[in-house]
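Below are two complexes that have chain A in common, paired first with chain B and then with chain C.
Here is the complex of A and B:
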């Protein structure tokens, strides 16, 4: 540990002592000093790039396939999307009302993002900062809820929303998505809050801030990566989810994008070009969000629930 | 100037009392504050998770079918008996569910672990490579179905181009053949599922202390031994937890199979939740659907407990 600091002051006659052997050792075995380290530490280059290239191929070919079908004219079997055409996009956007679906999906995604983040932030803060009697039970309930499948809750949820007269309104989907996204979001956010030193908040109180103001001024800015991660998960989740929308929304003009895709797939003779164009429309927002959060993805998970 | 200097000198003296008053106020609040903070989440979960769960248990003991109201009433264990004796589809469905979960979790873990180890190495272009291989993580089940339907369709899918090369015949689809449908759907779900494992494992890989490897290297441990004795033990808890979460998730996964195969051909790819969904949607037999849901709960709960016990989660190692 102290090694790097020592060669930094080589001025003194004693200072050359520890640094000397390292420097003079190198010319003696020019290759030997480096080779064993490398072969033992890293994989050989081909052992890294070959499997990686194969996996990249497996990941990217399906995406390419979809773009190919969306961009080449109907009836073409060329493996290169040329000549380019926008006929499928125009058709899907207007004739198959993906324009409307897109708006609905954005509305549902934005609302559940806001609701999930706000509710989970409050709960996550409480779990991270306070000891209270119901804490253990509440945490246990959060964990247990991970085992409860949303798909199996369709029937009782339908009955509840029918009682609340929320069937066929986007609100029912927003609430359902939020509820099933909450437990994980809360666990993630409480992990992020724990990483913000309590002393920072206390310092703000001493300076005369109330608890809320201290939270907004000190904690909130430091939580930004966590909020971005949780908000993006919530958005992507509700953008992608399909069963709630399929079950709770019956009007054509209330449907969301995944339901629209399902309708296209379920048609007697599937219009593959239109389906591919619909798929690209469905993918774009998610890809944008993913590009935005992917560097936080790994750290977000390690800071949050998985590490407890 | 003299004025300005006097003000800051004066203020430090009277300041401590208000600060202390604030503190005691913030100290007094927490008794109710945490409950106020978790109230929204708690109420939402009570109303839309706990209550539905209880109502599923309740309906599982009843005959309840809006299209046949004259039969509604208490059923006792009748629905469960029907599942075991009177429903020829129940056991095959359960069998497929278990096969599906086993194949998905095992392959996703294996490939995810390999992928995480690969992108954990340092190499040129690592950041874009990570972004690309992780990207299907964000793709939905329905979109995955869309993409793989384009690949698997009988007219312009992969089989057509393979037939052009002299392999297989035209007009076939792997999805409509009972012999190929299982690997076909497994591969489609793997495409989306592997990044989940890779992301979780990579997050944990980054927390392995460097000096452990250096010490092992000094002791002459090879790459394989370092992996077996340092990396794997460190990853153990993350692997147990992520396989469990994934198993539950894949058991309950409906989106992909519902849209890609619809449970076909010939009911070959119908999982238990898919069957429940189709009972609820098509025949409206909510009582029976609830009973099957209860069975699914019990399997998940019991399976998870056994798994955690057998794998000694959180114990020793490391």
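Here is the complex of A and C:
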């Protein structure tokens, strides 16, 4: 979605007014024309690019460090990853079972994404469209639940999952992740549903649709940015979360990537090459996901935040 | 007409006729039934994961079947444990061991959660630093009687047994020690040789070398110290090592027991040691945990590092076998060596185990000469089995041999840190690591730091004494 540009201000009497200097006897931007860029009197370009460059440097140096350690041979002190080696990746993928951990993390992330999105969609729709007793209290409780740290719920959750015979099953992690992400996701989607004109649904009903069909045909397509935002948030959170997987899973072949990364740090020694390779394996899916969905994500969060 | 954000009562917001009163009652009844079913399912504990919590008494069992073993340093030691388990299962085909590797930093919280919520293993690795907390919750089985009737009796290192007894908070043995680590001064032989320096076997030589090898303009330093996470124990080690004080507690004429940490000799020693910061060490040391410190030393620009035997493999990979050595902590000028007690790893049998006989058989096997030797060789640590200490690999690994000699020949005086105090971890980590950083940065004096530490330790000790009656 493109942003509308500002109309340019007219040139001053000397020809070097806010619209810019005169070139070849003509004003740079004729009065009344649309001008896509800011005028020279505003912030200079370096004022924009320098902070951005510094920020990028600050952000990217740790990634470079990680790639450097992952790709250079053990014991090397070179600042460039040359000669390249894949020994660390081979080690963590096979010897340290990262192949298995990766599969488990994908399963947990995908299931959490699906469950969180589905339940939050239904709950968000209900919050936006229906009026029910204690709705304000329910909304407040949803918000308050965000203040409870996951660690505080570990023992009760552990006992519940033990009673349900779900300990040491990926399902326990999926359920716990979903439950902890639902409040925020529901509030976000509720904001998106409110932004969809109610008259659109009413028109669909007049045309003979039931509520579900009207929702699927009219509302759902308009919620795409919100769904992408909520889904990606759920996936990334599940992907990175360490605590639930550590506590609820015991079998080595059921562990997830964050737990695997932690096992690479011993009590007295750390294999930095293996740790960096594990970090790259953990980061790649998140980077890929964000690269594909960033457009919807930015739209989704801003729309939900402004009008929600 | 666009009505955004409008809410509607469910009875008139949707298409079709409004639900009848009967329909509403029906859905409410279904909701109530579903809720009751969920509550009943939870409250009646329809299932159990088959493992116990801290309060369970467990059972001796048949000595056969499956037992679960938690490795408290999972990942790093996974391979050697799996090898030992495979040999054990070959020797005892009717027992199956389920291995669970737990990241070292999370072992304590995993145990604490399982003690409260259930799911404890039959056997678990428990280090002295976390032993007091786990034993105090009644989760571990006392092992004195089992050890007396075992072939292991008399074959385990006496000082390690003393350490785990002390860390368990009393006279009972709650873990069988498997290995000990030891404070080690790693130094770069090539840099020392080039500078004409003698090995840092005494504190005087240590300080002289730290000064001599520092060249700030070339970003070279004589020493790197630990100023971040885990900084207290190494600082105490250096402090007691220089002061020569050999006990952590002293009893006054009036019978009051107080700590020696703020003894004037200790204050002077700590001031001198921390005075190296910024002068002969990198400025970044103020945030060093052991990982950063080891990585920094392995980069090759620093002369000496005080860590333990556990980082040997990292040094070997980074520097090769001929450019460094590891010595026990420096001695005083008269040859006396004093050091604080280092963590002792051990295996605990959990009280909630339903198969204690099989679990004990596994512990005995893991502590046998061959298995204990194999494990410690992989870990680069000192074996608890005295027969294993005599194996050729211990002599071939100089740092391990020197550490084993220092601990075993009676030449080193050990200051036992009070791992048994329930507040020890809080006092030695969260409460005082930031204060040590203040000392390094010159915002607090070493004396004030040690006075605060002493005050907290005395209170913790008094509480502990009171709890024990």
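Everything that follows uses one rule, which is that the second predicted complex is superposed on the first by the 257 of 308 C-alpha atoms of A that agree within 3 Å, B and C clash if a C-alpha of one lies under 4 Å from a C-alpha of the other, contacts with A are read in each partner's own complex, and residues count from 1 in each chain.
Criterion: a residue touches a chain if its C-beta (ideal position, glycine included) is under 8 Å from a C-beta of that chain, and two chains touch if they have at least 3 such contacts.
Here the structure is a predicted model, which is why all the values come from computation and not from measurement.
After alignment on the shared chain A, the placement of chain B and chain C results in a clash. Of the two partner chains placed around the shared chain by superposition, neither chain B nor chain C is touched by A:143.
When the two complexes are overlaid on their common chain A, residue A:119 makes contact with chain B while staying clear of chain C. Using the contact criterion defined above for the overlaid structures, shared-chain residue A:155 touches chain B and also reaches chain C. Shared-chain residue A:250: touches chain C; no touch with chain B.
Touch criterion met: A:268 reaches chain C, while chain B stays clear of it. When the two complexes are overlaid on their common chain A, residue A:203 makes contact with neither chain B nor chain C.
Which of chain B and chain C touches more residues of chain A is settled by the count: it is B. In the superposition on chain A, A:284 makes contact with neither chain B nor chain C. Look at A:54: by the touch rule set out above, it reaches neither chain B nor chain C. Once the two complexes are overlaid on the shared chain, A:220 sits clear of chain B and of chain C alike. Of the stretches 20-28, 38-46, 74-82 or 218-226 listed for chain B, only 20-28 runs into chain C once the two complexes are overlaid on chain A. Chain A residues in contact with chain B (one complex) as well as with chain C (other complex) are 77, 129-130, 132, 154-156, 159-160, 205, 210-211, 247, 262, 264-265, 270, 272, 307. Per the touch definition, chain A reaches chain B in the complex via residues 40-43, 45, 48-49, 51-52, 55-56, 58-60, 62-63, 65-66, 69, 77, 79, 118-120, 122-123, 125-127, 129-130, 132, 134-135, 138, 141, 145-157, 159-160, 175-176, 178-180, 182-183, 186, 205-208, 210-211, 236, 239-243, 247, 258, 261-262, 264-265, 270, 272, 275-276, 278-279, 282-283, 286-287, 289-291, 294-295, 297-299, 301-302, 306-307.
The touching residues of chain C, counted against chain A in their complex, run 1-10, 13-16, 41-42, 45-49, 68, 72-79, 98-106, 109-110, 113-114, 116-119, 127, 181, 290-291, 294-295, 299-300, 307-311, 313-314, 317-320.
Residues 15, 18-19, 22-23, 26, 29-31, 33-35, 37-38, 40-42, 44-45, 47-53, 55-56, 59, 111, 114-115, 118-119, 121-123, 127, 129-143, 145-151, 153, 155-156, 160-161, 191, 199-200, 202-204, 206-207, 213, 217, 222-223, 238, 241-242, 245, 248, 251-252, 254-255, 258-259, 273, 276-277, 280-281, 286, 289-290, 293, 296-297, 300-301, 304 of chain B are the ones that touch chain A when the two sit in their complex. Every residue of chain A that touches chain C in the complex is listed here, in rising order: 74-75, 77, 95-96, 128-132, 154-156, 158-160, 162-165, 167-168, 194-199, 205, 209-211, 214, 246-247, 250-252, 259-260, 262-272, 307.
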